[in-house]
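To keep things simple, chains are lettered A, B and C as they appear, and every chain counts its residues starting from 1.
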Amino acid sequence: MLRTENLGKKYGDFTAVDNLNLEVKEGSIFGFLGHNGAGKTTTISMLTTLILPISGNANIGGYDVVKDNLKVRNLIGYLPENVTLYGDLTAVENLRFFGKLSGVKDVDASIENILKLLEFTEWKNRKVKTYSKGMRQRIGIAQAILHNPKILFLDEPTSGLDPQGTKELRDILLLLNQERGTTIFMNTHLLSEVTKLCTDIGIISKGRLLLADSIKNIEKEFPEEKSLEEIYFKIEGAKR
Amino acid sequence: MNGIMTLARKEVKTAFRDNIFLIIIGLFVLLSVISVYIGSSTKNAELQAYQDILHLLKSQGATSLPSPPAIYPLSVLSNIVSYVSMIGAVVAIFLGFESFSGERNNGTLKLIAARPVYRDQIVTGKLLGGGMVIGVLLGIILIFNLALFVLVSGMTPGINEIIRLLSFFLIAFIYMMGFYAATMYVSIKTNDSAFGFMLMMIIWLTISFVLPQLAESQRTFAYALNATAQTVTQVSSDTVASKMTELFSPAAQFQNIGKDLLQMIPETSNIGLGEVLLKQIGAIIEILIPGLAVLLLSYKAAQKEEVL
Amino acid sequence: MIIEIGKKEIRDAFRNKLFLSILAMLLVLTVVSIILGSYQVKIAMDNYNSSISFLQSLGKAELPPMPNLNPISASKGFVNYIGMVGALMAIVLGNTAISKEHKNGTLRLILSRGVFRDTFLNGKLLGNLAILAGITALTGIITFVSLIAIGGVALTTSDIVRLLLFFGMTFLYMTFFTVLSMGIATVSTKGSRALLITVIVWLVLSFVFPQIGDTMDMDNQIPGGFFSSMGMSRDQEHQVLQQFKFYETLRDGVEEMSPTKHYERISYALLNVKPGFEANTPWEVVGLKWINLIGLLAPSAAIWLLTYIAFLRRENIYQSN
């Protein structure tokens, strides 16, 4: 579904992402782990065609993120960190706008379906600025899946959510993955999230990928460590 | 094209949902209507005053009576020129100052950019949306003005007047779009929307107020110079320096065009539209050029990665 | 404690790019307008002197008296610049004073240090007024120096007092806008919204009201003046205007709502730009124009009082950021 080869990005002298080689299989939930500033958001921005890599390449569903960027954009859904949407518009109006930009044919029907799926129909005609953080995040997910993307990119999706909101979001993501077969790529620095949700993980530190594998394999590889947390700190510590 | 229209419609919708923007356009529309009302009743008062003056002079036994004041129909609407040049520009600033910085803070700019639209389409969409809002506002003002004009002054505008009025609103539209484009450019370049807003307000103040004022004091200064040189007999009201100063002010240029179009200058009140526009061609170009320049800069700036 | 908060305000202001750029613009405008004005005075002086020496060379004993140069009217342009640019600067100053604390979340920090809210607010006001006073003094010095150095005139005591009073009015005028924007920023929960609202209020007070007043001025409607186009004398004009008393009262009323107009009226009277006050002593002018002085002072005091009440009573101050 997604593959990068020696993908790199620099800002001036600072190397944000260094020779990243990554593969994400169709139907998986991939957790991209790392500290703040490790290069997670830069990676996601290159994959979602928002910024250009300076070296290597990446392709999604067989399309190159640089050369075929418009085609890639049709395949992906994206929810950046801290999106507040258009506060003065209602949920439906926000969704209609983004749906039309994505070229969704029957926008209103799609919106109805998704709001039902997310159990949000009740509040759909209220202005977004009146929503709680959790509600807003649900509409954020809704705009990202409106055009039925093959792969969904999420940047720190649980940041700022309370435990209840976090659980709701997790349920939604599992539902999408299971019912629609959507591949999910999420950035996070919360290990607990990864253990509860992901099938595969990658660990990035200072722009370099330290490890990427399925959770099952990783647990086999590190039999001594009791939790993912211990594994994470072991790898981070060893390669630093 | 679909993407551009979607973006433009969203601009219109969000603009009319924003309370602060509603206040400022309310002010704009209300003031222009009031000003026309006041303008025309002042004109009526003048005509009445003229009658009083005739009575007064006759009772004092004067033989030569002044001729009635020359009032051209459109000059009743003349106050609109200063309102559009000042408040109209502010409306454009209020409309545009968050066009990019606001979307950046909402995170919505990334959402748009990750969809199958080109970056230049985002700029075009915003420009079109802003244009639709400004167009609607000017349209409302035009209709109100025409209605008031007929109601209060009791005159019916002829075809010549209507063409002049329409041309004036077209130029007002270009003038406001210039401010909108400049504000959009600032909004692309800065993250702090309050800073961008105040920056545009300073530019606005310079263009519409400080420069014309400087030109004015330059004129009085030149007058004093001429008086010293004993050439006071034929002092032209425009000096080279004051003209130069006004060159930097699209607001002054706009007012010059407006005065000609709305029959505030007796000499140009009866000539054809083509002649007026030809006379003011320099001023028209000067309103157009800065707007186009910032628009091009906006297209260029929007291509950069940092814009997100 | 108040002094500490005040000092911090002054330090912050001189790191504020917006404030600095408006200040720079204001100073440039001050220099340009005062220099142009001073040259005008100098030219009139030279003119008089050369005609005197010309007459003397002809052997005339009866020399024309020194014309009334009125050097202090050189500040006329300055009144207009302060009216708009000075007000905008004062708004930036007042708004950032409050909104920066909201933005950085430092409001909680400061209030949790056992500072009383009134001390906090007073300190802020004091610091910002000190900045305004400094700017007023600076422009005042520029004016005096260029009048003497360029204009080459000796100012009478009365002239000096009039100028000093005029700069006092300038300070009061800018104070109004600082207090206004601090007040709106305190009451509102979002700093950027407060700024927009303050700017709208400023537009209405400084631009719209005076403009409406202008529009309603009959004499303004015809180039060169309506009454002079009718060939009327001042007396006849008054006679005609008597008939439109209500209309004129209304016009006056609109203008009275604008502090900018109050500032302009008292300043023009003090600077002898408006004829009719030449014979009065400086203090008499203030006495005659007391209503304008009140128009500058009372709104500031009222807004400050309201801000005080709102800030001291507000409970949600800790949540807003």
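Points worth noting:
In this text, a contact is a pair of C-beta atoms (placed from the backbone, for glycine too) under 8 Å apart; a residue touches a chain by one contact, two chains touch by 3 or more.
Just so you know, these numbers come straight off a predicted model, no measurement behind them.
Steps from subunit A to subunit B, minimised over paths through touching chains, total 1.
Relative to the centroid of every protein C-alpha atom shown, the closest chain centre, again from C-alpha atoms, is found for B. When chain centres are defined as mean Cα coordinates, A lies farthest from subunit C. Rounded to a whole number, the gap between the C-alpha centres of subunit A and subunit B is 47 angstrom. Once the centre of each chain is set as its mean CA position, subunit B and subunit C turn out to be 26 Å apart. Centroid to centroid, with C-alpha atoms defining each point, subunit A and subunit C lie 56 Å apart.
Listed for subunit C are no residues, as none touches two or more other chains.
Residues of subunit A that touch subunit B in their complex: 45, 48-52, 70, 73-74, 76, 78, 80-89, 93, 97-98, 100-103, 127, 143. The part of subunit C that touches subunit B in the complex is made up of residues 17-18, 21-22, 25, 29, 32-33, 36-37, 39-40, 43-44, 46-47, 77, 80-81, 84-85, 88, 92, 99, 191-193, 195-197, 199-200, 203-204, 207-208, 211-212, 215-218, 221-223, 226, 229-232, 236, 239-240, 243-244, 247.
Interface residues of subunit B facing subunit C in the complex, by the touch rule stated above, are 20, 23-24, 27, 31, 34-35, 38-39, 42-43, 45-46, 49-50, 52-53, 56, 66, 69, 79, 82-83, 86-87, 90, 94, 193-195, 197-199, 201-202, 205-206, 209-210, 213-214, 217-218, 220-221, 224-225, 227-228, 264-266. Residues 2-3, 6-7, 10, 13-14, 17-18, 105-108, 110-117, 305, 308 of subunit B are the ones that touch subunit A when the two sit in their complex.
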